[in-house]
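There's a structure below that I have some questions on.
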Amino acid sequence: MSHHPEAPPLQVAQWLNTATPISLESLRGRVVVLEAFQMLCPACVSHSLPQARKIRQLFAAKDVAVLGLHSVFEHHDVMTPAALEAFVHEYRLTFPIAIDAPSRGSIPATMRDYQLQGTPTTVLIDRRGRIRMSHFGLIDDIALGAAIGQLVAEDAPTAPTERPSDDSKALQAAAAQCDEQGCRTVAG
Amino acid sequence: MSHHPEAPPLQVAQWLNTATPISLESLRGRVVVLEAFQMLCPACVSHSLPQARKIRQLFAAKDVAVLGLHSVFEHHDVMTPAALEAFVHEYRLTFPIAIDAPSRGSIPATMRDYQLQGTPTTVLIDRRGRIRMSHFGLIDDIALGAAIGQLVAEDAPTAPTERPSDDSKALQAAAAQCDEQGCRTVAG
Amino acid sequence: MSHHPEAPPLQVAQWLNTATPISLESLRGRVVVLEAFQMLCPACVSHSLPQARKIRQLFAAKDVAVLGLHSVFEHHDVMTPAALEAFVHEYRLTFPIAIDAPSRGSIPATMRDYQLQGTPTTVLIDRRGRIRMSHFGLIDDIALGAAIGQLVAEDAPTAPTERPSDDSKALQAAAAQCDEQGCRTVAG
Amino acid sequence: MSHHPEAPPLQVAQWLNTATPISLESLRGRVVVLEAFQMLCPACVSHSLPQARKIRQLFAAKDVAVLGLHSVFEHHDVMTPAALEAFVHEYRLTFPIAIDAPSRGSIPATMRDYQLQGTPTTVLIDRRGRIRMSHFGLIDDIALGAAIGQLVAEDAPTAPTERPSDDSKALQAAAAQCDEQGCRTVAG
């Protein structure tokens, strides 16, 4: 028995960075990092979108999917799809981004269904499609990494205790980022 | 059958920040973050020790233990236990720190047994006492958080899929760090 | 005899954050920091505009004027005045911002007259109205502060060597930012 | 008539990074940045010493001299000259560093004569040998750059308004640091 609500379907007016629409159902078996943002939200630009970009790099695509969700609830006239496209181009965002579907009122449909308080909000959906975290505001990198890492380890296709450590993309990525500023022993 | 080597015992000349010596065996059931450093190693001071301090804050003590390991392999005459005590005091380090036991040659005993390349090295030991990562140099925060999060989820005393999400110290910590710089909806 | 070209007049389609248009001539006697940017230029958002904001805080208004210059040369359809107004509101920019006047081609008029290579470009104009620096790309904070400080000291209304040190806004500001993380002596 | 006190002579037990002792008198005609620190002072290590290193790079040696001053007032037994030498080696500090001479009590002699409150303290001495700033704690980079820039412009051997702008090391340095992340126009 589970206490975690199933993630509602995404309601999307338009997708960027993907040739075909993406459903959450098609991502079952993977952890989904859903990053709700607005292109004119300073904390989204300085913190959350860079985190999303880094998560995309650090985790294997088979384990973690990263989706942007452009949930505009203010300045609708200037945060248009065309403006978002220019923004995505300039900021070199390459993960798929859903434009949240308009609804009655200023709050778009997915934002309403997920009961998001604002932007940025980072939503973590587990491999079974359940919402495990919905965090409004800034998150520390280590805390966010830990939350994703825990969900990656759950229900993994191969039991994590059985696979060799070098099977982990995160561990490999960490190794690849070593910048040699450390103090190396001569004896090694 | 496992591919992961068991973590060798710590060889310790002296402990700081703990009244009684700590054995790895006594930490079975927890993930151990072992941070090998030297007090005059710039990358240790600027990156690894702050990461260790933050990990101590983010994870529940029942899930993750953080240990420093002062493995001096150069400038032995000035990185003495007294100097380390002053360093630990000034940098407000509160987690237990082991002074690696001298050995023949300049490399201390634990550093030799763990085959560490230098400092900083971050070693992750899983709940069963096995080395799962030994990373020399700097690690990205998200990658380190993910690696720890994965190990926390393994062999957890309570199956992680069964406990409510608010049981997670990391998720709680993330929430507590929200600085409200985000854009909050009026409708909420 | 001077080697420095006089700063051409600003050609402005519209001003934000000021009730009346501002001419460079009206700023004679002050150093002018002119920050050319585009609202969708990542380096402008992460570096140059924060520098402009900080300069506004650190220097006395009688010594230094800070002006933004929105010089759009790409994505004209989405970086409209209305979009800029929303951007300025969300990023809490309070210094006057000139929208560079359209010209033939994609390069706006002031950008063309100043021969700017792109955005961000930081232009420093001395108290006599002459261009002393025109720097495309990122600038180190200390270097930028030094360049402005040198110009502030030139032709100062009161000779700088005669005024008491506490007359300097920059020095005062520095003092006000002391966060007490230093190690204070008991004897003081 | 001047309100600025003359900088007292440095009282030095030992110099590092210089073959011969340095007197403030020998630096007349240059701005002196005197950085008082302790090797175990966290804010010195993370902020003030990196600032001193950057100042050394940004300004011409004929305009600005950078001196470290190791003023130990606590943990005397471990912040010894030998420990400082190892620290200076590991942190790659290359500017001259004076070890403040012992005095009666725990406060060393230069620290006492300059009435420093603690470490880090950044002291700015003008070209005439007068103390113009003595700042305990952290200073913002732009504010520090501005304060030095103002002093560099005072009493300059060549009047600053006469020399071409490319004569300025700070401006050159700024230009050299451009990382091309800006948005360059095609037309240039």
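For reference, chains read A, B, C and D in written order, and residue numbers begin at 1 within each chain.
Everything below uses one rule, namely that a contact is a pair of C-beta atoms (placed from the backbone, for glycine too) under 8 Å apart; a residue touches a chain by one contact, two chains touch by 3 or more.
Keep in mind that what you see is a predicted model, and the values were worked out from it rather than measured.
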item: Shared interface partners, meaning chains that touch chain A and chain C; value: none
item: Centroid comparison with chain C (C-alpha atoms), farthest chain; value: B
item: Cα-centroid distance, chain C relative to chain D, in whole angstrom; value: 27
item: Separation of mean Cα positions, chain D and chain B [Å, integer]; value: 36
item: Intercentroid distance (Cα basis), chain D paired with chain A, Å; value: 45
item: Residues of chain A engaged with two or more neighbouring chains; value: 41-42, 90, 183
item: Chain-level touch network, classified as line, ring, star, complete or other; value: ring
item: Those chain pairs that satisfy the touch definition; value: A-B, A-C, B-D, C-D
item: Residues on chain C engaged by chain A in the complex (per definition of touch); value: 40-42, 45-46, 75, 77-80, 82-83, 86-87, 90-91
item: Complex interface listing, chain B residues touching chain A; value: 2-4, 38, 41-44, 51, 54-55, 58-59, 73-74, 105-107, 111-112, 116-121, 132-133, 135-155, 160-162, 164-165, 168, 170-171, 173-175, 177-185, 187-188
